[in-house]
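Next come two complexes built around chain A: one with chain B, the other with chain C.
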Partner chain A sequence: MNTKLKVSEISKIYPGCIANDKVSLEFGSGKIYALLGENGAGKSTLVKILSGVVKPDEGEVFLNDESIKLNSPLDAKKNNIGMVFQHFNLFETLSVFENLSIDSDKKDKELRVLVNDILKKYNFKIDLDIPVLNLSAGQKQKVEIIRCLIRNPKVLIMDEPTSVLTEQETDDLFISLKQFSKDGILIIYITHKLKEVLSLCDEVAVMRKGKVVSVSNTIDEKIESLANKMVGENLNTIKKKINNFKNSEEILKISNLNFKSDDPYETNLNNLNLSLKKGECLGIAGISGNGQNELFQILSGEIIIEGTSIMFRNKEIGKLNPRERREYLMAFSPEDRISQAAVPELKIYENVALNNFKSSNFFEKGLVNEKKIKEHSKKILSNFSVNTDNVELKSQFLSGGNLQKLIIGRELITSPELLVCFNPTWGLDVGAINYIHETLIQINEQGKSSILISTDNDELLKLSDRICVIYKGKLSKIMNADTVTAEKLGILMGGGSID
Partner chain B sequence: MEVQLIKIEKRNDVSRSIYFLTPVLAIFLTLFGGGIIFYILGFNPIEALKFFFITPISDLYGLSELLVKATPLCLIAIGLSFCFKSNNWNIGAEGQLIFGGIVGGGVALLFYNHDGFYVLPIIILSGAIGGMLFAMIPAILKTYFNTNEILVSLMLVYVAKLLLDYLVVGPWSNPEGFNFPETRQFSESARMPILFGGLRIHAGIFITLITVFLSWLILYKTYLGFQIKVSGLSLKTAKYAGYKGKTMIIIVFMISGACAGLAGVGEITGPIGQLHRNISPDYGFTAIIVAFLGRLNPVGIIFASLIVALTYLGAETAQIFLQVPKYTGQVFQGMILFFLLGSDYLLFFKIKFLGLKKNEL
Partner chain C sequence: MSFDLNFIGILIGAIMASSVPLILAASGELIAERSGVLNLGVEGMMIIGAISGFALMVVTDNLFFAVLGSMLSGLILSLIFGLLTQSLLTNHVATGLALTIFGIGMSAMIGKNFVGIPGKEFPLLFLNLKESIPFLGPIFFGHSIILYFAFVLPFLTNYVLKKTKTGLIIRAVGDSPTSASNQGINVTLVRYSCILYGGAMCGLAGAYLSLIYTPQWIENMTGGRGWIALALVVFATWSPIKVLIGALIFGGITILQLHMQAVGLRIPVQLLSALPYIMTIIVLVVISRDSRKIKLNTPTSLGQIFYKEK
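Moving on to the complex of A and B:
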């Protein structure tokens, strides 16, 4: 039987951001569709709408020309729409079969027959009676897929399925997906990896900033053309004046950095090398989850790797923790401003005291010098135009933009030689973004250096002197920003290579 | 079948005054619940509650007894607040109390035929060190071997209890004691000075008050206190700020253990005067309730310790006048905790009814 799925004029607006802007798409069974886009392009919102997790503000979903209401995940299941999320929803200590039977209304006996049929048909090799925690990531994903298959889905949505898989597992997954498609299941495949789109999918819809910017057959596309569509063209309009740093003093040098994590959701870093000159801004691009988090923590000293050398202004700082690194005039603005860079329950001046450096005298002889901290906080609030002068205000009452100004202000008021920031304008409105960008350009002009880890290419192209891309824990060659185009970044971010 | 769908949501901003008033509400609910229990047992609830909560403190002796019981509870709870505020779950204060008692008691026995002003301070100090060292075991195991401090600190309670048992039955038992499981009486110089003749209230209360003041100072006025506060609210932030997480875990356990050890040594040199099997009626466990009832706040903990101490006294009076077992005291302590947790849940979360929905299965 043919399945047709159509979304029509779907809009979803979150405070401060349009996640989906009149999105219309049509899908038909027998094909594999790719939904391609950067972080924040709106693809996750769209599939959450299709799986009933999020309700759209406007627009309709049609299944076989019939309008369907998807108010809850249960509605999606009822309409035979199956979804495999990026992070698995399995009970680790229960067996595979128990995990399947929780979700099913069939009797255990029937279910076992059905599951065994599915295993045989698609050549899955999974022991049904071992606990899920003993499975590899690929096998866990298969369990999730089986869970959908039990319900005879007409539509199967896969959200970034290969992010936790090895290459072999990815190949296996693609074989299975092609088989499902042959069996008449409509497959929607969400990804930002360009190669996967070309090797697996028949049609590709590209989303950018909440809108569908192109729908085409993959046969007609190349990595370059898709990259261009994904990151958008003509972005290089506003750019900082590029300086020549050939003769500047080298301020930071990291060589042969390797990091191996025990946590499967973390990314290992491989043989990372970078150096930074005085007054320079090094941009690090990449789709999130490719090792940026780990790199930031290594730079800030939250992760310390034994035996790795980090030279900062000719001093070895590899073994120092974040507070000690601050004494050497480094400053850090992490990605998670709400629960890491600041504590929402603490007052503004208490959050300022988190950046405690020796000359601040915030804590004299171990005692809190509240007066000093408050004076200092007042200075930050006015110098960085935070929209309040009440240092006793709990920081949870600050808007995102004001909170970020406070954090950047706290980090910069010590005149650090190096600022490392990670997605500093994430989720902010245009006014705040401009303010932060101006501030970051200003510090470079004052001869201070910065490392900007960001998933926003506009921002990177605007602010960086040199740019590299992090992909699966590896850094690309570091390029001069004036030679970099959005297209090149797109290719590197999607795992391709240039020249 | 139709089912009611319920959703539980976190409340955004909880008013500070209500936050400190809910413990009072919990106490009233406990009184109410207690009244019902007495009614079911066949007593007049008002009368019974009067025996429980008013009679015990209606004379000077009663008030002194209240303070005698509140002294160790307050001291232990204040120590625990350091751990709990920084997300370290030390529930082995009972063991640290006993171990402090053992070390302090051992020193007291060593000095049993010495006189001098220096004897008592040495005993008190050794008791505090004993508790501190004992608390460092779960702390070190947690920081270096990633063990769970809840389990380790709890299990060590039984180690301390059995060690005390062995000592008072074996090597330390009183040679003239007809094989009773107890040590010699400590010498006069090893005893806490009594504050008023005829009453049991002793100088240990000053140790408690000084500790409360110092704790307030540390928690609210020092860098250490600030670090404890930040770590309790967000470990991620503490790490980002560069606080030495491991050192801090060990420090809060040391403070907490020292307080419990002080409480233990205060008991054996105060009202008890020797070591025997039951030097503590579970003060170390009850203090957990005190700490939370007092909202981990030094002043709150003083009030909470008085109220919980009253349940100990009330249970004794009720046993005499109503012939109910003294374990009713523990029932009341349990009810306080139950109602406190219950009202806290409603304070921090709201329950939304989403209406009826057909159940498909």
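Moving on to the complex of A and C:
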């Protein structure tokens, strides 16, 4: 049975931003379609409209030439449109089976048979009776996919599905998606990863600033051509020169670090050892949830473990809190920009002042020296090309990229000897990513060290001098970056071993 | 010997009776909290239930209407809470506190004319069995229908939450309202229903106090039981069976310490009065230590305001 899906002249306007501007696209079953674009290009809005979560201001959706109304997610389900969101819509404390049964009209027994058939057919291995919070990201995604498959979908929409997956899981996902496509399901694949478009999809539509700028067959495209369409300008590629640090001075040394948590959501760390030379960038790869959070917090002093030695510039800093560590010229850029690195309700200069240190004279006799802080903030805004010069602006009105530049700038303006950053480019667009990458390379060139904890392998390979992988709270051997490939990282990230 | 045994039976019966308002109110609040709603108005809804039940009893001379009316008044009060928190998106904590203050004031005002009026005898079931069987008789028989309901309720609540689709939906909404909404569940409707149910149960708990336990109206007669019910839900880690255990311990120690006071032990009265609170918390903390279970039972979205993307 053939399925045709058409969106016609869809517009959606949010205050201050046109998310979709007269978007028209056509899809037919048997093919996999890529919807490509940067963050904020309007992909997610279009997808939310197709799944009934958001109502368009204008335009229509046609399924098999019939106009359909998508006023709620229920309407999308009724029309057999299945959707797997980037942020999973699962209930963490419920079991896998409960998650599946909640939106099914079938009796539990029938449903169990049906789910087991799907598991067998597509070779998925998931225990149906454990709570979802015990699953890996890849397994959670499979639960989402099964939830769609139960309803015999005509259309399956995948929103940035690989952002949380390992290389191996990504390969598995692609095999499944191709199988679904063969079974007649129309697949729309939303991504900003160019390689994936080329290896998986048949057709690609590129979106920029709410508009569709190109529709083409993927055979006719190359990575460069797609990148330029997506960004709308020619990008220069950056690549770091890998140095040899054998004879450099050691700046950080951690030995036999163990961390045991009582919280079932946290990961225990097991016998971690690492050292870092002056001017070096150490990359730590891994799928999120393997102990990165805990490691970052231990490095920053948010978690202090009794009896563990952290030597930084020949000083024992294991017992110091984050403020004291900053005074010893460490700097930190946490993963969560909004809630960890900055307070969104505070103004830019207030956020800058939060990160106070003795030498800055921000505070005198307990009073805030606003003038000094504002001058200092202005300097950060201009030095790190944040897209505003208004230090009175509330931080929540900065885009992700600008907020990250502000945070990195705030950390770097004191010339720290070590910067620890955790997913510094997560969710940013290509332009901002490029800027952050250049900045990180620059600090290494100035003889400062950095630790880059990231889930983005391309980023790690681009910026690191040495790389290791964290898996279930254990660190792999630390390798020289020029001997590492994405494949090797993928194997280690999935718990495999290489020699 | 048989006399002593019978006395213990009567004591247990009294303990059960004293824990009824806690079981009812906490079971109701538990459902609301499982859907992610933190209603701190329990005390207010209970006392409004108590006065409306008593007033209706005096006016209509009909206990059935009195009980029904108390549930309805609890429900109406919770409807106000629902309107404010679910439709007007006000803060759960502040709104709940306001509800309690409002309930206490309102009940005192209505209750002015009902002070000193004697209550009506509430029918007790199986009275002959209570007299004729020693020990077990006073435990199992001679109670009001509401007590029997209260002791079935936690098991029923547990069954509904764990085994039925309704329960699954309530837990799902409490876990992640956004996900539930994206699955096509009407989060606002589910939460409203849970709030109203909680209100009705708190009203019933109040009626039990003013119609059965101490059949009269005394200003502020709930005496903080609503707050104990709230604490029970949390310390019982949202498990209905543990709520029942907690309520019984609280009722039990309340009764026992009264007897100890009567006997004239040389322990300060204030310390004895504090005993039920301390012991209930200690016991519930000890039986709910498993941090994994706590994670799985805690409604993740508790107290969070939910609004739908348009």
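We take it that the second predicted complex is superposed on the first by the 260 of 499 C-alpha atoms of A that agree within 3 Å, B and C clash if a C-alpha of one lies under 4 Å from a C-alpha of the other, contacts with A are read in each partner's own complex, and residues count from 1 in each chain.
As a convention for this text, contacts are C-beta pairs under 8 Å (C-beta built on N, C-alpha and C of every residue); 3 or more make two chains touch, one makes a residue touch a chain.
Remember, predicted model here, so these are calculated numbers, not experimental data.
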**Request:** Figure out whether A:A341 sits in contact with chain B (first) or chain C (second), or with both, or with neither.
**Result:** first
**Message:** A:T162 in the overlay: touching chain B, chain C, both, or neither? Say first, second, both or neither.
**Reply:** neither
**Request:** For A:E302, decide between first (touching chain B), second (touching chain C), both and neither.
**Result:** first
**Asked** Touching A:F91 in the superposition: chain B (first), chain C (second), both, neither?
**Response** second
**Item:** Touching partner for A:L74 - first (chain B), second (chain C), both, neither
**Value:** both
**Message:** Quick check for you: in the superposed arrangement, does A:D103 touch first (chain B), second (chain C), both or neither?
**Reply:** second
**Message:** Contacts for A:T267 in the overlay, against chain B (first) and chain C (second): which applies, first, second, both or neither?
**Reply:** neither
**Shared contact residues on chain A - chain B and chain C** = 74
**Request:** Write out the stretch or stretches of chain C touching chain A in their complex.
**Result:** 165, 168-169, 171-172, 175-176, 178-185, 291-292, 295-298, 300, 309-310
**Message:** Please output the residues of chain A touching chain C within their complex, sorted ascending.
**Reply:** 48, 51, 53-55, 72-74, 77, 85, 88-94, 98, 101-103, 131, 133, 262-265
**Prompt:** If you look only at chain B, which of its residues touch chain A in the complex?
**Reply:** 13, 220-226, 229-230, 233-234, 236-237, 239-244, 360-361
**Message:** Under the stated contact criterion, what part of chain A meets chain B in this complex?
**Reply:** 74, 78, 105, 300-302, 321-326, 332, 334, 336, 339-343, 345-346, 350, 353-356, 363, 366-368, 396
